[in-house]
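Shown below is the structure under consideration.
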Amino acid sequence: MAYFGDPVLAADLLFRPDHSVIDQSLNSRLGATTTNGDGFGLGWYGAGPEPAVYKSTHPAWSDPNLRELAQQVRTHLLFAHVRASTGTAVQRSNCHPFRHGRWLWMHNGQIAEFPTLKRDLVLAVDPGLYPSIEGSTDSEVLFFLALTFGLEDDPFEAVARAVGLVEDVARAHGVENAVQMTVATANGDCLWGFRYSTEGRSRSLYYSQDVAQLRRLHPDVAVLKGLGPETRLIVSEPLLNLPGAWTGVPEGSAGIVRPGTDEIRPFVPIPAG
Amino acid sequence: MAYFGDPVLAADLLFRPDHSVIDQSLNSRLGATTTNGDGFGLGWYGAGPEPAVYKSTHPAWSDPNLRELAQQVRTHLLFAHVRASTGTAVQRSNCHPFRHGRWLWMHNGQIAEFPTLKRDLVLAVDPGLYPSIEGSTDSEVLFFLALTFGLEDDPFEAVARAVGLVEDVARAHGVENAVQMTVATANGDCLWGFRYSTEGRSRSLYYSQDVAQLRRLHPDVAVLKGLGPETRLIVSEPLLNLPGAWTGVPEGSAGIVRPGTDEIRPFVPIPAG
Amino acid sequence: MAYFGDPVLAADLLFRPDHSVIDQSLNSRLGATTTNGDGFGLGWYGAGPEPAVYKSTHPAWSDPNLRELAQQVRTHLLFAHVRASTGTAVQRSNCHPFRHGRWLWMHNGQIAEFPTLKRDLVLAVDPGLYPSIEGSTDSEVLFFLALTFGLEDDPFEAVARAVGLVEDVARAHGVENAVQMTVATANGDCLWGFRYSTEGRSRSLYYSQDVAQLRRLHPDVAVLKGLGPETRLIVSEPLLNLPGAWTGVPEGSAGIVRPGTDEIRPFVPIPAG
Amino acid sequence: MAYFGDPVLAADLLFRPDHSVIDQSLNSRLGATTTNGDGFGLGWYGAGPEPAVYKSTHPAWSDPNLRELAQQVRTHLLFAHVRASTGTAVQRSNCHPFRHGRWLWMHNGQIAEFPTLKRDLVLAVDPGLYPSIEGSTDSEVLFFLALTFGLEDDPFEAVARAVGLVEDVARAHGVENAVQMTVATANGDCLWGFRYSTEGRSRSLYYSQDVAQLRRLHPDVAVLKGLGPETRLIVSEPLLNLPGAWTGVPEGSAGIVRPGTDEIRPFVPIPAG
């Protein structure tokens, strides 16, 4: 879940007790889902130039500190991630979102046969960035490949080159369907989303519609009233049943959310060769 | 889950990788169940007069120490419990099984409106035992009430009096359906099981049939071959689909498992008055 | 450590990297002290009517979330506590500060032979407050006794009556030197400190001098420049070597810190009889 | 601390309550030392071909599971390690001892400027072993370099080549005093110890003297009576004040402890070139 818009209390997004809109469904998402109990993380832009992160290896639903924190954090850009491990250790350094300078990154999906490919992928990371890798996940390596290829200058191209490299390395090792990903990344000013898989069957990704229009459709939904026209949510699954609220990101697409006009475009990996 | 019988490696009960009998289903129970991620515990009789306990507030499925331990523990009497909190804190002192001297105790269910009743129930605990209460759960208070009423001498009567007292206190506070419980308790030599609820609709509890008979019915099931005739499992849900393997404990019953003849009898609370 | 004054970034109090004033010494206090590794806690007044708390059973010095949080929390009233267990379990519900409504409470010291006295003390807690006791420490029971005796109306009298009761109960059990305590408590508007022990040899407690005067004495100390005239710190040990910066709270005293004139007065327990 | 000899209860080594020999001092080591609160680990050879490990990021002194476990584990070869982080994260995968197949490895010391050297060192690890690296420490990389250079065949040569490589890489980066180490490693049948530093001022390492001789010197020391003649302890600091009990491993030495005659020899790194 990534939120970008008017400053909002994190608890209103994560734990709102009433059943109005985002809240309850997100709450159930963070809490009751079977397979996402392998740690979680929040990232947000608050005081200071760099985003803050709060990560824990305990299930989100039983972390009292998270509830405390959510009542205190007000932010215009929030990342929330619950993790279901795909094999790597349940430890803080493997929890999303990952951070580098002003950038946050979170990823659902996986790099196929990552233990086999890991060494070659890590070798492709800029040696100057290499010491900053803290954990052992495919998701963090993908982030550092994107940073290596210029994430801070051109996120669309950098991620395309990172994915292209992973597919190259996978091909060299005879590994099929190398990449399965939905990614959200941000620098505090803008938010980018990516939906792609080598085999063309990516996990779902949705973004919220124009809030002004939603308010006209659903004048009775309380949480919508407090949100400005630029507010956007990007989620793996729709958080509520409001007709017209969510638009699926098309297969093989990437988009940018920012003040002003958002944009969505096709995503095509750029091979290394 | 409570096991009593020939010494067995805990891992064979908890994590056996093949799909033969107990293993896979128990594994899924310990691992994949949605709502039981609020800590877990093992208790077993090994070296020394008192049982050992291993408890953690992390989900069982992601605890590497549990897997290590299960490969080293061989015991004739094992308790395993995964906890879904009914409101009290997720902390080690609230994890089952509870221990007092040679006794282990675990409980599924709840005392209705426990915060309301807690003070009166705790007051009824023997003052000499009171300082040994470590956590904040209804389950541990029920254990200490049973100890107060003579668990170490006559478990059937002691639990009946403990439950009777809870029902008395609940009635005085206008609380209905006071007790919902399946309980397993042991002293290293015998194992007792209880199934009862005030309203007469208790959670399920099963015990395994005679192993010799099971082997005749299912000569191809590997795990049965290593087990002696006295082996018994008591479980909340059947662990496998072997026809004839499991017998439900009747509503309002209590039983004892021991070397020689087991016994099952009606369970009737004894009011305090 | 309790801070009351101009809004300040928690990190400036807890982790300031330069060696100026509070920072380094407090950092060493939170980090390098041998025996205070049994959990820690922060409490502060921020958004919303109730204070927030952040507690962990990991040592403060190795908790990355604490460092993140301290960079985001700005508050006029901060409690920080590192715990060295005097016997009770290392679990979140035993970490200070404790909270009830708008009140925070933290305690250094102990009630002598607490397991012996606990039952009688807990019985003296208002039955309506009893269910809110979450942990198993003497410190929390002392807090609930103070609440029982009117902490929210008259903290000086309420704590005097709570301590008097503990001494009464101890006497009845033949326990000497019942109470050893330094306490800080707050409601968001004021901060109270207590230094007392039955035997008259209490742990140390200090408060910071008038900031305006300190600035005249030490015009070169950077951190002083940002602080307003009302700023006060209450600490167990002086945090820096500035001559004239700290005044010891006298044995058997209690004080109030508030906007306007602070006050310090003798503290005399009020027996229950 | 590494123990090799007659099967012994881990608790007798780690937590013996009386003040006789190893116990109390080791207990204080595991418990009261300021700077070693960043996790701990046990490794031992028990049931099954591979050693078991138990690791935790909580301080050893407050881990109730460790006390339970120590009462159940009986072994002829035990490693115990308390960690003071030299900069890498406090997470289970960074806790010693490390394990690979039948091998255990633990290390006190550090590789100088490890973040600078890490990439080149990791590249030198056998690509087939590379995916088994789980954490982010210099100690684990040193283990995997030793495995790469044949630890399982000739530990003396393998460690000499691993250290030689680290010194080569350090020299190429202009890093001085590359290696500071005391290492213990074992395969279940033998135990090897190493003491070396590039600058020739290594951390201390001691081994226990012949038990039969010690018994003649100290006929009143209880714990010595239960130990067979082959028993050996290797420790960073002497665990008791028995005159004649401990012999320092000389600077730049390596030794093997095994049934029969032990051996100690000079340790000289073998450069890669």
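Letters A, B, C and D mark the chains in the order given here, with residues in each chain numbered from 1 onward.
Quick note on the criterion: a residue touches a chain if its C-beta (ideal position, glycine included) is under 8 Å from a C-beta of that chain, and two chains touch if they have at least 3 such contacts.
If you want to know which protein each chain is, UniProt gives these names: A, B, C, D = Glutamine amidotransferase class-II.
Given the structure is predicted, the values throughout are model-derived calculations rather than measurements.
Colleague: Since chain A and chain C are copies of the same chain sequence, what is the angle of the rotation superposing the Cα atoms of one on the other, rounded to the nearest 5°?
Modeller: The superposition gives an angle of 180 degrees.
Colleague: Counting C-beta pairs in contact, does A-B beat B-D or the other way around?
Modeller: Comparing A-B with B-D, the pair joined by more C-beta contacts is B-D.
Colleague: What whole-number Å value describes the gap between the mean CA coordinates of chain B and chain D?
Modeller: Measuring from centre to centre gives 40 Å for this pair.
Colleague: Would you please write down the residue numbers of chain B that are in contact with two or more other chains?
Modeller: Within chain B, the residues that touch at least two other chains are 64, 89, 92.
Colleague: Could you please specify the touching residues of chain B with respect to chain A in the complex?
Modeller: Interface residues on chain B, with respect to chain A: 32-35, 37-38, 57-59, 61-62, 64, 85, 89-90.
Colleague: Would you mind writing out the residues of chain D in touch with chain A in their complex?
Modeller: Interface residues on chain D, with respect to chain A: 89, 91-93, 115-116, 118-119, 122-123, 127, 130-131, 134-136.
Colleague: Name, in rising order, each residue of chain C that touches chain A in their complex.
Modeller: Contacts found on chain C: 9, 46-48, 52-56, 64-65, 68-69, 71-74, 92.
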